[in-house]
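As written, the chains take the letters A, B, C and D, and residue 1 is the first residue of each chain.
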């Protein structure tokens, strides 16, 4: 058991070097949203962009395109219905999937396609976790090194009912090792289980973050760090810490998820090594 | 008669405790908007979110979905036309209904359904009050503990014509008791009539708030506080006070409703007990 | 010839008194926009709201409703196609017409209806002025006390070609008297011709305001002041001065019209009498 | 080889003079966007407006109109499908073409029409450069004095493969002269090749700008300066410098393109001669 410190962040976080260009920081793909649940996609894609990925593309339903363009014109789009023609996996250095995709057959098909065809780590969240919980055969095709970011209920849907957080720690440590995945469990404390059997606690965060959309933001952040070349473990550690640190700022009663996103570029810069 | 003081607020307002999560702060449902009057729904839902509800869902017409997603991606949506399939009352710790719903048969049906099926206090505002004024039989099925937030004209439509504000006080005190509801009357002074026969005056506010949409914002605030576990009376007292306090900031000539909303997370924090 | 001074503003501008409500500040109607030119309507309506009208309604085409709701949820809407059923003139203490309405037969019909049916001063701008220039019979039905806000080209389309700004002054003074209208001419200097034969120069403004949409904003400001009970002359004097003063702030190279709008509530407050 | 200094900027940049109006600062046309790639158009058009063009019109597909109006109501629109009726070239003092137009036959036709019919310098970027790379006959009809803003891959698609940046410098100097165009090459360093054979290096910029949409913003900036009457060379020098200077502010980890745009009016003002 290990409590993450700011030094763990400063030692991992790389400053952007002079004369680097957007190619240096990777291209992230956020597969999120459904016609009636586009908000999650908007938050996740904007968070990915504001964490510094060189390019961010969102794979969304056509119904969400006007909202996406209006809110985050920096983010490119692939439409769900054109995914077979327009999606080339090798374009992307990182893929995040799940926020707001729902449980339709089309979403299940898109998740299956992603897990089968993308040969690098995938960040799996929210509805994607629930779909895997319902279709346990998908567990077998999760790419080595992937990141799972369940909250407690999603954790139990994936790995069975647990009666205490301690029980979940035991399961988390075990599954991270056997699946070869990093698991971030959003519990009272955010815990990270790594492939090599460690259990890390994230110290940052604020109850002001107890508000809808925060998980969607975290998915975008972690995907962004992976796109920038961090290992999945480092991306999860950096992501959880920065997400919480941004939420601690300002001492407000509540931090809307979209407000937290705007703070990310400055919050990251406060964690450079000196 | 009692003038609310800041001490009444600091003694009621709970800080968000460490390690609480979004479930701690409830899930609020805002039933608002119609195809041509979506603005009220957007303001009410955003105010609810910015007052700290753990989750906010807006029940809106499909025509308003792009605007909702673009403005407040943190807010989830249920479409009016799918309400029979997609709405599960027990999901919500608080329901606010009325801003911009108009007077269509569909809105009447949705209001009737809400009053009949939701067994907990409902925050009733604007067009919902007018519909009750036109369909007095609905008065009988308003859930015990509900909150009514009429302005003077809506008050008279509900309870008959009055010739002076003093007359309305007498009626307000009486009806709050007999209906078992908290009534907030937006008069020159905002007055609150409680179920146990008290009449409270709210001291905060500013003429800069004399601008469209302020009532929609207040509905969102009160619904949010109920979702967070406050009693309807406390939610109304906190809501009226915080709403007015946010409007006093800045000394501008007018405060657009959307600007007031952005101040809510900070304004609430200035009213913590020390 | 008279140069407006800040004292003329402070002596006219009324602070919002305690316990006033949105009814005190009137309901303004902005008739603006067409399917492909909605931006002008959005700027004009938001400026009207931010200048402190109690309520603002925009009469716009249905195609613009999502943009209106998303940008300014405080503003209500009447759709052009429903104007005969949904528009009740006596609801409105002021009407502004013209920004972005184009020259379609429908716009001509709506302008004609407005001039015929609304018996109080109308603020006439942009395409509405051009339509009057093309249909000179409309000149006869402009309500007494109306406000015309042409730039130089629109002035000449209305009143014939002029070869110098001095010529326009002579015409402006004459027409303001004979038509019984206040004419604001956007020239190198903004000049105001009043019904009683005066010619006023507005001293505020900045070349940073030389940017699209500024006229639309001014129309919203003047309409807002009339809705609040100012005489058309006072509304024009206050509007021109405040518009220019907001544009002087910040010393930026250019002020986007939407940025200027956001400053209005604070700029007005800086011109209260002490 | 010459390194641009701040003095080169202050000596070129003209303050906006008193009593100038929007006509003084030209009307810019940004031809950008396609139904699924509207974000680039929004960024380019907003950047053009925020750099101080008197008027900005965007030529976009109808699908993007709601997003355009919502984000930048100051910008007018011409729809791609109406371009033959609604577009009058002499209206515009500058034209920028390319961001997000894709490679459809319609986009090729619109590019061809632009190069053929517009007799003044055109700013050519992104997909427009790729289309020229695929249809080399278009190279012949690029108007004298035009500006090309390729990144390294687009440069090679236009002028053939290169093995080093030095090779590209040699080609760039040659082609700028023979084509009579200013070429801005987005390399590790931004280089500018002028018609008279010079090669200039731009010293501003920050790795925080390594993020999607920055090129779209630069296109809008350069087009805006040309519309304001600067020579293409001066517009490119000013544009590259100001773009980079805006990106240097704030020391954040990353600067979203839309955030950089908001800084432009202030950044330009910091580069006035004293």
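Methods note: contacts are C-beta pairs under 8 Å (C-beta built on N, C-alpha and C of every residue); 3 or more make two chains touch, one makes a residue touch a chain.
From a predicted model like this one, the values you see are computed outputs, not experimental measurements.
Taken together, chain A and chain D share no touching chain. For the touching copies chain B and chain C, the fraction of interface residue numbers used by both falls below half; the interface is of the different-residue type. Mean C-alpha positions place chain A and chain C at a centre distance of 49 Å. Each chain gets a centre from the mean of its Cα atoms; for chain C and chain D, those two points are 34 Å apart. Residues of chain A in contact with two or more other chains: 66, 70.
On the side of chain A, the complex with chain B involves touching residues 36-40, 42-43, 63-64, 66-67, 70-71, 186, 188-189, 206-208, 210-214, 250-259. The residues of chain C lying in touch with chain B in their complex are 15-22, 24-25, 49-56, 65-66, 68-70, 72-77, 79, 264-266, 268-269.
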